[in-house]
Amino acid sequence: MRARPVGDVILDVRNISLSFGGVKALTDISFSVREHEVRAIIGPNGAGKSSMLNCINGVYQPQQGSITFRGQTFKHMNSRQVAEMGVARTFQNLALFKGMSALDNIMTGRNLKMKSGLLAQAFRNPFGFGSAEREEIEQREFVERIIDFLEIQPFRKTPVGQLSYGLQKRVDLGRALAMEPQVLLLDEPMAGMNMEEKQDMSRFILDVNDEFGTTIVLIEHDMGVVMDISDRVVVLDYGKKIGDGTPDEVRANADVIRAYLGVEQ
Amino acid sequence: MFYRENGQFKSSYRADLALFPIAQDRWAMLALAAIAFVGAPLLASDYAFRAVLIPFLILALAAIGLNVLVGYCGQISLGTGAFMAVGAYAAYNLQVRIEGMPLLLSLLGGGVAAAVLGVMFGIPSLRIRGLYLAVATLAAQFFVDWFTNRVAWVTHDSSSGSVSVQTLRILGHSFDTPAQRYLLCLALVIVFGLLAKNLVRGAIGREWMAMRDMDVAAAVIGIRPVYAKLTAFAVSSFIVGVAGALWGFVHLGAWEPAAFGIDKSFQLLFMIIIGGLGSIAGSFFGAAFIVLLPLLLNGIPRWLGLSMSTATSSHLEHMIFGALIVFFLIVEPHGLARLWSTARQKLRVWPFPH
Amino acid sequence: MGFFLETLFGGLMVGMLYALVALGFVLIFKASGVFNFAQGAMVLFAALAMARFSEWLPRWFGFDSPVLANIGAFVLAALCMIVVAWLVERLALRHLVNQPGITLLMATLGIGNVLDGAGQLIFGSAAYKIDVGMPKEPLIVLDKVFDGGLLLNTEDMYSALAAAALVTLLTLFFQKTSTGRALRAVADDHQAAQSIGIPLGRIWVIVWSVGGLVALVAGVIWGSKLGVQYSISLVALKAFPVVILGGLTSVPGAILGGLIIGVGEKMSEIYIGGHLGGGIENWFAYVLALAVLLIRPQGLFGDKIIDRV
Amino acid sequence: MHYRKFACSAALAVAGMAMVAASTLAQAQAPEQFVPLLVYRTGQFAPLGIPWADGKQDYLKLVNARDGGVNGVKLTYEECETAYDASKGVECYERLKSKGTGASGFDTQSTGITFAVTDKAFVDKVTVETAGYGLSQSSDGTVFEWNFPLLGTYWTAADVMLQDITKKEKGSLKGKKIALVYHDSPYGKEPIPLLQKRAAAQGFELVLFPVTPPGVEQKSAWLQIRQQKPDYVLFWSAGVMTPAGIREAQASGYPRDHIYAIWWAGSDHDVKDIGAGAKGYNAITLHNSSAHDKVQDDLRKYVYDKGQGTGPADSIGAIAHTRGMMIAMLQVEAIRTAQEKFGKGKALTSEQVHWGFENLNLTTERLKALGFGEIMRPVKTSCANHMGDDWARIIQWDGGKWEIKSDWYQSDKTYIAPLVKEYADKYAKDKNIKPRTCG
């Protein structure tokens, strides 16, 4: 089985409610994520899955509820704090930096780690004065490890815009990994992939979870995948939580079957 | 073929991170520098210096500054002229008010002043986006136009509000001949060009581009929009400010506020569009283009011996400018810089198609 | 008191004239997502055409009825603007579909330059005259109430009325006609519009033509006020704060924005300007707009912007 | 294919560079005197710039056609479009300054360009001729060795306007209120110091109304004028600001005949389209614009009838056109004068022509001979006095044409001289120039 056993709660979401104008996107959502586990959020389109993630990393400010991370409780998360606390995120419809190379995209993931100031960077030089060059090289080395891990060496310098969809998804993941996150939020990492790509991606996700012990919160439509790789599953429907538990429990949950898996009966 | 990289292996990331990883480029750059520093001073005429090379260099510098903001950070500004003006007037005041103020310090001071204003007018960018911001930056333009005109202090109480600078001396060495002034500009442009290049290829540069390409994602990976945007505004206006100071001190020598009017702002914007958004080299291409095109347009008829009225040629100039801008936006949004790198790519793989 | 009212009315009327120019921006932005920096150039181009044709037509066809000349000139100028719109769509816009707004904006800067050059090349760059019989002498009312009476600028008044009429027409056009509705559809979503079979290209030509006609009316009004010369293209600079204040996508916004800016300008110049040495109205308009944007980044009536990831 | 495009444009650019360089290696041939013509036929001020440029070129053509040049020295010329832009102006200046045997003086037609080239002129030893514009203190030849604000400065204008007003007011302006509505730029601000001085001395109140360029909208200024009811309005405008201002004056019911406009706002194109609306509008002029004289007839005879006119024939006699010819005439006479010293029939250097500018002496007879007798008054320059004699008079628009309203005035030196001294000294100090001694 896996190297690191599932630990205690690392991220605890309490009674989150979010609405745009009159429209309710999330109503009173609560669930918890345990260290090292793979936690899936499923639900039909428009169920509020992405909104949930957006609340967690402070893109949206929920009107009610709180989020507890490693014992610290927040009403409003600010993206910067979240990032500093080690939460990384990939995006449903690619949010890569189109104008930049794969390498640079992943390098941005290291920005939090780069400390040298504006002047230091301006006067960066190969002669060993100042911190900038050294830092750049250190971080580059780390990023190269990720590049190897994701097997995208040949595309380092290619502008991501020109990469295939599958590869872009990997770069997206790479950018998140570059932050050395403790919790990794994956928003439909396999959407629009073919079987083979999906298998690769699942492998990467499990490896990450395994090798680095990264806790993973995953939104995915492909039930097969979800049931295979996740330890516990939250089910959302119309912004409400209708189920929570192990894959088997969820499979057995009547509401879930009605709302979601119903089609399969 | 010309660009044969076989046998050039990069054994370290440092090598790969070098400014010009490919040997040919390094040589080309050295050659270029040699021409600029040695060739030009020997060959060029007064006219070439004063009317072509010096304005070209200064505008290129300003374009680099604007490119940091627009090309790299994606915050469009229509108030560049204002920041040039602030640079020029600040430098002027440092010169006339402080006895024995070193010229270089005043120039840098101009930059700092512009940077401060830049940050002030950058603050709205945290809330206002895109087109709204673009128009809002005009506020800077018109405010500074008025301020430099109205506040006598700015012009050292000169009767008409025009200012005029003394002879330029650095460390007791005075820069009178066009060649000397050219070299002064060249040196400054190269220094600031390199600094800018360092910034855009480093961490902060990546932050800027991240903001430009997808600000939400950028925030999520821990980039602070405030920091990224305001640094972009500061750096950009600093460089633009220095350029403005040079424009006033070296190119014009004496000027009225109109010298930094809204036309300048647009002219610079054209430069970076044509030269290449998000490219330092592009800034140079753009500046060269904008400086040379008018000369060509009213030169060509003369050299071909056919007489075209000055009015006609300047109307044509407008039209060709406009047409080219649209053309570039359609065909090559990355401007001359991209054309150049495509050409280079071709040379690298020549004779093979790719 | 009397003076205050005069300032107020003055501001309102000038505001209406700004709104007229601003309207061009809004129409085009609504339907093609383009912030048309060329609007000023279009005003100049239209005004030049109007002025010159009204001068040439009588010469060409040997008649001397100013009314006829004006009507003929207006029609020809209108045709010119439609051709311009068609060319713009052909040569520029259609190649820039779905480009980011900033790219489009820069493109219009280019188009503006072309129009400036072309206009003056074809029609000349001296000062020309448009005379559509606007009254010039002032109207003094209520001279019982205030000493010196209350001065009304008749020309501005008529111009403002013309502007108001135009606005009503356009609103009707957008609400009632099928084309108008198509335009609104396109405005809301290009792809969707295309998918339900609205030909984007044609719509754009239409909306740019409408923008051109608005520019023509603005050109006639400003031209008969100032005479036609290069500088009237600069009235656009007066309209920018109006558009962003009112919101790029809202016709009523343009009108209200115009009135606010108009009044704000005059009030600031007259009541604050003195203490600052005067000449502040130009930047004050922009600062006013900026201030509003800080509270409502999409302008008073603009559509709200939400991030989706 | 991008590459090909790029190659082409690159080639073009290189070629251009080469040509530009080549074109500057000007070589002198058979006695020809080069006159640079900086003009703006486009942009904001084109309506003024076009007739002005035509006038300058027409006169040179006339001299060549009628007299075969100056003592046999053909006048060559080249126009360079500045669009009133300082940087473009500098380019023109640099391109033309050393053409032929050297440029024989620049009429920059622009305040901004004058500022920018003044410094360069010091170094290049080229004359900058700014008849009726430029820095007023530059009439002090000891400091401004190379500037010639011939015939009058803005201080002349302001002074003469006030003289005329004083006359209208039976000799006293005490307790009067006089407004200055000005183009908010160095050009528009130039008269303020003198006006303040006179206001203090004559006891009238001076109120200032800056109008932000381009001045398409100046309602607030005129509303305030309507409220404060100044007795007179001095109107220092340019370009579109002029018609816009007159319109506002009309619309706010301010009597046009109490407006005094500077010469740049007193040309035909400024008022003719407004017609009756501008009836009574006063302007100051350096010359009898409405008068026709031999020079115009000659111009028709020798140039326009041969179809070699620069502009439309009907612009002959227009104020701006006449002024253009006058400026060109002064330049030609400077050349002629210089030839007296450096050799008749010889092509002269810029520096030699400068001597001519400094020793101009156009007597009534001479002017008559030149065909300018009706148009202007005698003028005599010297090493110290680069303005010469500043004669100006007031003209008035009667709804259809300009009419001469006043006799010739000359500025009152008791007000101007000390100002010139003060500002010239300040300039000298700022630029640490050592004033030369004239004698």
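Odds and ends about this structure:
First chain written, first letter: the chains are A, B, C and D, and each begins at residue 1.
In this text, a contact is a pair of C-beta atoms (placed from the backbone, for glycine too) under 8 Å apart; a residue touches a chain by one contact, two chains touch by 3 or more.
Because the structure is predicted, anything quoted here is derived from the model rather than measured.
Two chain pairs, B-C and A-B, are compared here, and B-C has more C-beta pairs in contact (counted per touch definition above). Comparing per-chain C-alpha centres with the mean over every protein C-alpha atom, the closest match is chain B.
Centres computed as Cα averages put subunit B at a distance of 33 Å from subunit C. Spacing of subunit A relative to subunit D, judged by their CA centroids, is 71 angstrom.
Per-chain CA centroids place subunit A at a distance of 49 Å from subunit C.
For this pair, subunit A with subunit B, the centres built from the Cα atoms lie 40 Å apart.
For subunit B, residues touching at least two other chains, in rising order: 142, 145-146, 149-150, 216-217, 220, 311, 315.
Touching two or more other chains at once are residues 41-42, 46, 50, 184, 210, 212 of subunit D. Counting partners per residue, subunit C has 120, 125, 277-279, 282, 307, 309 as the residues that reach two or more other chains. Across the interface of their complex, subunit B is touched by residues 2-3, 5-7, 9, 12-13, 16-17, 19-21, 23-25, 39, 41-42, 46, 50, 79-81, 83, 85-88, 90-91, 94-95, 98, 111-112, 115-116, 118-120, 123, 135-137, 184-187, 189-190, 192-193, 210, 212-213, 423, 426-427, 430-432 of subunit D. Taken in their complex, subunit C has these residues touching subunit B: 35, 91-92, 95-96, 99, 101-103, 105-107, 109-118, 120-121, 125, 237, 240-241, 243-244, 248, 276-280, 282-283, 286-287, 289-290, 293-294, 297-299, 305, 307, 309. Within the complex formed with subunit A, the residues of subunit B that make contact are 13-14, 16-18, 195, 198-199, 202-204, 206-207, 209-210, 212-214, 216-224, 231, 235, 278. Listing the residues of subunit B that touch subunit C in their complex gives 74, 76, 124, 127-132, 134-136, 138-139, 142-143, 145-146, 149-151, 216-217, 220, 262, 266, 269-270, 273, 311-312, 315-319, 321-326, 329-330, 333.
Put simply, subunit A touches subunit B in their complex at residues 57-59, 79-80, 82-84, 88-89, 91, 95-100, 104, 107-112, 114, 116, 118, 121-124, 126, 132-133, 135-137, 140-141, 144, 175-176, 179.
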